[in-house]
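What follows is a set of structures for review.
Okay, so chain A shows up in both of these, paired with chain B first and chain C after.
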Partner chain A sequence: MLEKPIGGEKRVFMTGNEVVAWAALAAEADIMYGYPITPQNEVMHYWTRLAPKYGRSFLQTEDEISAGFTTCGGVLSGKRAFTATAGPGNILMQESMTMAEMMRIPTVLVVQQRGGPSTATVIYSQQEVTMTCFGGNGEGLRIVYSTCSHQELYDYTIKAFNVAWKYRFPVFVLGDGYQAKMRESLKMYDPATKGIKMVETQPSLGLAGVPGVDREPSHLRNTYNTEEELCEVVTNLVKEYNKVVPEVVEYETFETEVAEIVLLGHGIVTRAAQAAVKTLREQGIKVGHFRPITIHPFAADELRAICKHAKKLIVIESAQGQFERIVKEAIYGESVPMESYFKPGQGVTGEEIVEYVKKGL
Partner chain B sequence: MIVKLIISENFLEHVCETGMFFCLHRLNISKVSYNTNTMQINSWGIKQRIAEAYIGEYASGKSEMAVNRALYLLHNGFTPVTLVDLDLVEPFYTLRPIKVQLEVEGLEVIAWETADTLGLGEAGNILKPGMRWALKKEGSVIFDVGYGIDGANKTRLLEGAGELKIYVVVNIARPMTGDVMRIVEYVQSLGRVDGLINNSHLGDDTDLEIINEGVEVVTEAAKKFGLPVIWTAVEEKFAEQIGDYDKKGNPVFFLKRRMQHTFW
Partner chain C sequence: MSVVPNMPKSWREETKPHKFCPGCGHGLVLKALGEAIDELAIQEKVVFGCDIGCSLLSWDFFNCDSVQTHHGRTTPVVTGVKRARPDRICIAYMGDGGGYAIGAQHLVNAAARNERITAILVNNCNYGMTGGQMAPTTLPGMKTQTSPYGRDTDSMGYPTQGPEMVAAIAREGAYVARGTVANVRQLKRYIKSALQNQIDGNGFSFVEALSGCPTNWSTNAQKTWEFIEKEMPQYFKVGEIKTPGKKGE
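And now, the complex of A and B:
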């Protein structure tokens, strides 16, 4: 038997992309399908260096359309399969991921966001929010974790596999170029030592026995010929998804209980927001911060509760309002004033949030 | 006259190679003490050229080491000092954010600038001509060889690479080089290597435990190759706790972190 990639717990220092590769190993992922694109390349580079040592597989496909569909195929054959991409690759994978939604294929896709439109920069942005949450000709029946640190990249990559296989909806880990490339320390661990049991995988095809005699036939479909039929299937699918939402939704708050101003930010921007809250609180300014961890589905009720006592919300993001749209939909009807601090494609620092908040006092 | 000469082991080796040893004798230098961090040979007017390339696993601390080493040489008279950002995979990122600052401080930096890269994006995979010829420059030349897995191979692109000392930067907090066996396996894949540098750390969470574990592991790995541990590199704030030599007797190089201002 091959040794476990990580025994017990280990303090390490690495880049976010490597973290993803190690987390997938620790999560007992069987295979990665992938096509290179910056800034996620090292997910593949490290997976391909590590996988053979632990009896895992890798397939480099001819493009991201194929990487997405082969991931679906791997999952249908009962493999814990995943892929990783960014920007234009994410666009190409939307077709397969919407198919995965419709067919309840538990794929895992790690996205390291880069700038857009189109190819733009390879460095950083939060411009893949709309696409990752709602891309494709579907209803966005997926779970998207927006991480903020290497520890979270590790934790949520492992969790993504379990949530996908438990609920059978595609799960996305939404990082960004900064998280992909920056270095910081984290604790890697064998999930078993934390009481995390990996959900067993099941093949959807090639099952034992004669279909219709020994077992129900597995009837896999992604084509619906009439509008009525599609409507019925999607409506039921949405019901199933909505049932899952309360079980998977995650968020974090920082001093929001008695906050007059609440900063809203997700992903790596939460780190700037948290720093700003600390500084402003020290100066006696009543500021809090709300951060969705599942950016989709969104913790709408929890944010609504905050809206009841807050005097102002400030949405902060490295995009031109993609996150703000999700917020607006979530708290539709609330009367709290809302401001925005958008820097499409550029990082946000704690200092500039402090400055912005103080200017508005 | 007794002259106290403080000199590094590494340098001594170089002295022997270059025949400068003879000069030292002529100066009647009888007592030699080793300390890498206070190399003062230039007080006697001996112009020493240092040419080193830093290689290592992705995010091992190569750039931090290279930048600090270049600044050290600059401030200790091994001038002029040229720092080369030899990353051919993602050539436009590593030192770019701090290039101008380093130039202000007095280094010559051969790396791409934002304006040069306009329109190239990630597609550009090119060697800046100045990099190829950097070793023909006067003074000291330090190469930060980006993107680890190629090892020393990239130095083949340089004119006059034979004189380069090639040092592998190792951080045992990186699982790929996390123990003796893995370091050995890794170093074997790199081609010609002249020494290891123990740069074991956890970024902001670094403590003595990880540094000292690194000392043990890297020293043992180096022994397997008969290679020296050139330095244990630690942040300046650990100076008092560690001293000039680590517990295995390797010299300590004190780092000031510069790469926090970059992101690649």
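And now, the complex of A and C:
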């Protein structure tokens, strides 16, 4: 049996799905549960080829409902378990992810967004934002990383396991079909060489000793009898979540300090926005860019600070306002004018952002 | 002086008396399961998953690590545990709605993969917790809240023959039986065989237990018992349907 999937550091050129499989290996993930859906299939393809060499497991389930719930079972057993999906599969996984929220089950789910609604396209979109952040009969007690590159897919897949097991909330890596299928260069590494220690896992079921004799049995519930009881449980969950928020929230800014126009975009759209900022700055136009990395929870205070001096915000996304809703909620009460540039299910280039910005001058 | 009745050692005394309705069959099924766990001395290794519906009331029933799941999702949760911890004895406990309707795809595929888990399904011909609606197992002509004029087989089909379906799908090594709370000794024997089958690593094991629901059937003790003993076996044949090394009938 091979020990470490990656020794030291290694420059590679590969697809995002392959990156996720390698990152999960490097993060010492024990088991993947999965069901085929494009564009995430190759996460499973690479995992099933690599995992046995490192003593890791895989189960192909009958659907995404099962993939989500078997992942919960794996995590409850104290294993770093994960799954990956997209589109309609993401819908089916929301049920199990609400159980993860309620019962503090640190699941990791990689979402490679495809077009929606319905079957739509297998290619690309940013239309799974609302669902990935808030897709349950609950309060959205989860952490969602919106990655923009293969390097980030690697970094944040590893981080997802640690954040999940440290804080015990479900963690999502929100990629998309472009990131899944494109090839790009990145540096893969053994987390240990970067000083990243994998957070230890704990079983919630199948503990040592005879229950009722050596120890109390582990009785895990998600059903409550009264409104008061549930209100208390959820209030405490929200309190715990809010405590975690300042520790996990991440964002990036590009020339926002003296920007009059601030472009807001997340995920792969940030790359077009960054390119547009560069071009427009060269032309003397004061443009900046704000990009949440955790799209949920959201760096609201930091964006509010930008709103104080910006003259205009432009929300850019490959969806019809799903990201914009998050932004609006985050900066509620600010008076800065806001425009939107929506292309549901389609990519955005730097050139078209440049054109749009200049038209509005 | 209070006299505590004899309980299986694996039962959790602090949560007794249990929360099922008077006359409900769950208590008997769980007694048979508790005694089987005791006799096999596996309490330490058991991971017990329960479905949503009346079966959820068993979440703190045993001195065993236990987890409530969602309606129909106990089979995958318990499968996930078993795949991650093959050294555990994993039990999925569910009702007929959870197993044969909303969770049917999980049951069918767990059987097809020969998952080394034990599923125990309580068949009481209706959805109990939600107030007595028609279930896959509702008998022809039987009145429920959603079949107030009786189950019309022309539009709603016939009762699902669960164990027969599982036996048809399951591979060699699987154990499939149907017991009844009207014969608890036999039911216990089936449950014990099902657990032993998992311990031996042979394959999937499945026991359906015919059971009563006087609350939703609106029956007294005598009528409840008559229904379990006389009506249900007309559609649901009690016995072992598939045992390892023995072809199904």
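By our rule, the second predicted complex is superposed on the first by the 352 of 361 C-alpha atoms of A that agree within 3 Å, B and C clash if a C-alpha of one lies under 4 Å from a C-alpha of the other, contacts with A are read in each partner's own complex, and residues count from 1 in each chain.
Assume a residue touches a chain if its C-beta (ideal position, glycine included) is under 8 Å from a C-beta of that chain, and two chains touch if they have at least 3 such contacts.
The model shown is predicted, which means the values in this text are computed figures rather than measured ones.
Visitor: Following the overlay on chain A, give me a clash-or-fit verdict for chain B and chain C.
Guide: fit
Visitor: In the superposed arrangement, does A:Thr15 touch chain B (first), chain C (second), both or neither?
Guide: The answer is first: A:Thr15 touches chain B but not chain C.
Visitor: Does chain B (first) or chain C (second) touch A:Arg183, or do both, or does neither?
Guide: Once the two structures are laid over each other on A, A:Arg183 reaches chain B alone.
Visitor: Which partner reaches more residues of chain A, chain B or chain C?
Guide: Between chain B and chain C, the winner on chain A residue contacts is C.
Visitor: With both complexes overlaid on chain A, does A:Pro217 touch chain B (first), chain C (second), both or neither?
Guide: The second partner, chain C, only.
Visitor: Go through the superposed model and pick first if A:Arg142 touches only chain B, second if only chain C, both, or neither.
Guide: After superposition on chain A, A:Arg142 lies in contact with neither partner.
Visitor: For A:His289, using the defined touch cut-off, is the partner it touches chain B, chain C, both, or neither? Pick first, second, both or neither.
Guide: Neither partner.
Visitor: With the two complexes overlaid on chain A, what is the closest approach of chain B to chain C, counting only CA atoms, in Å?
Guide: So the smallest C-alpha to C-alpha spacing between these two chains is 22 Å.
Visitor: In their complex, what parts of chain C are in touch with chain A?
Guide: So the residues of chain C in touch with chain A come to 10, 12, 43-45, 47, 49, 52, 56, 59-60, 62-70, 73, 75-85, 87-88, 105-106, 108-109.
Visitor: What residues of chain A sit close enough to touch chain C in their complex?
Guide: Against chain C, chain A makes touches at 30-31, 33, 57, 59, 61-63, 65-66, 69-74, 76-79, 81, 95-96, 99, 103, 203-207, 209-213, 217-223.
Visitor: What residues of chain B sit close enough to touch chain A in their complex?
Guide: Per the stated touch rule, the residues are 58-59, 90, 93, 121-122, 149, 171, 173-176, 178, 201-205, 210, 263-264.
Visitor: What part of chain A is in contact with chain B in the complex they form?
Guide: On the chain A side, the touching residues are 6, 10-15, 18, 22, 38, 42, 45-46, 49, 119, 121-124, 178, 181-185, 188.
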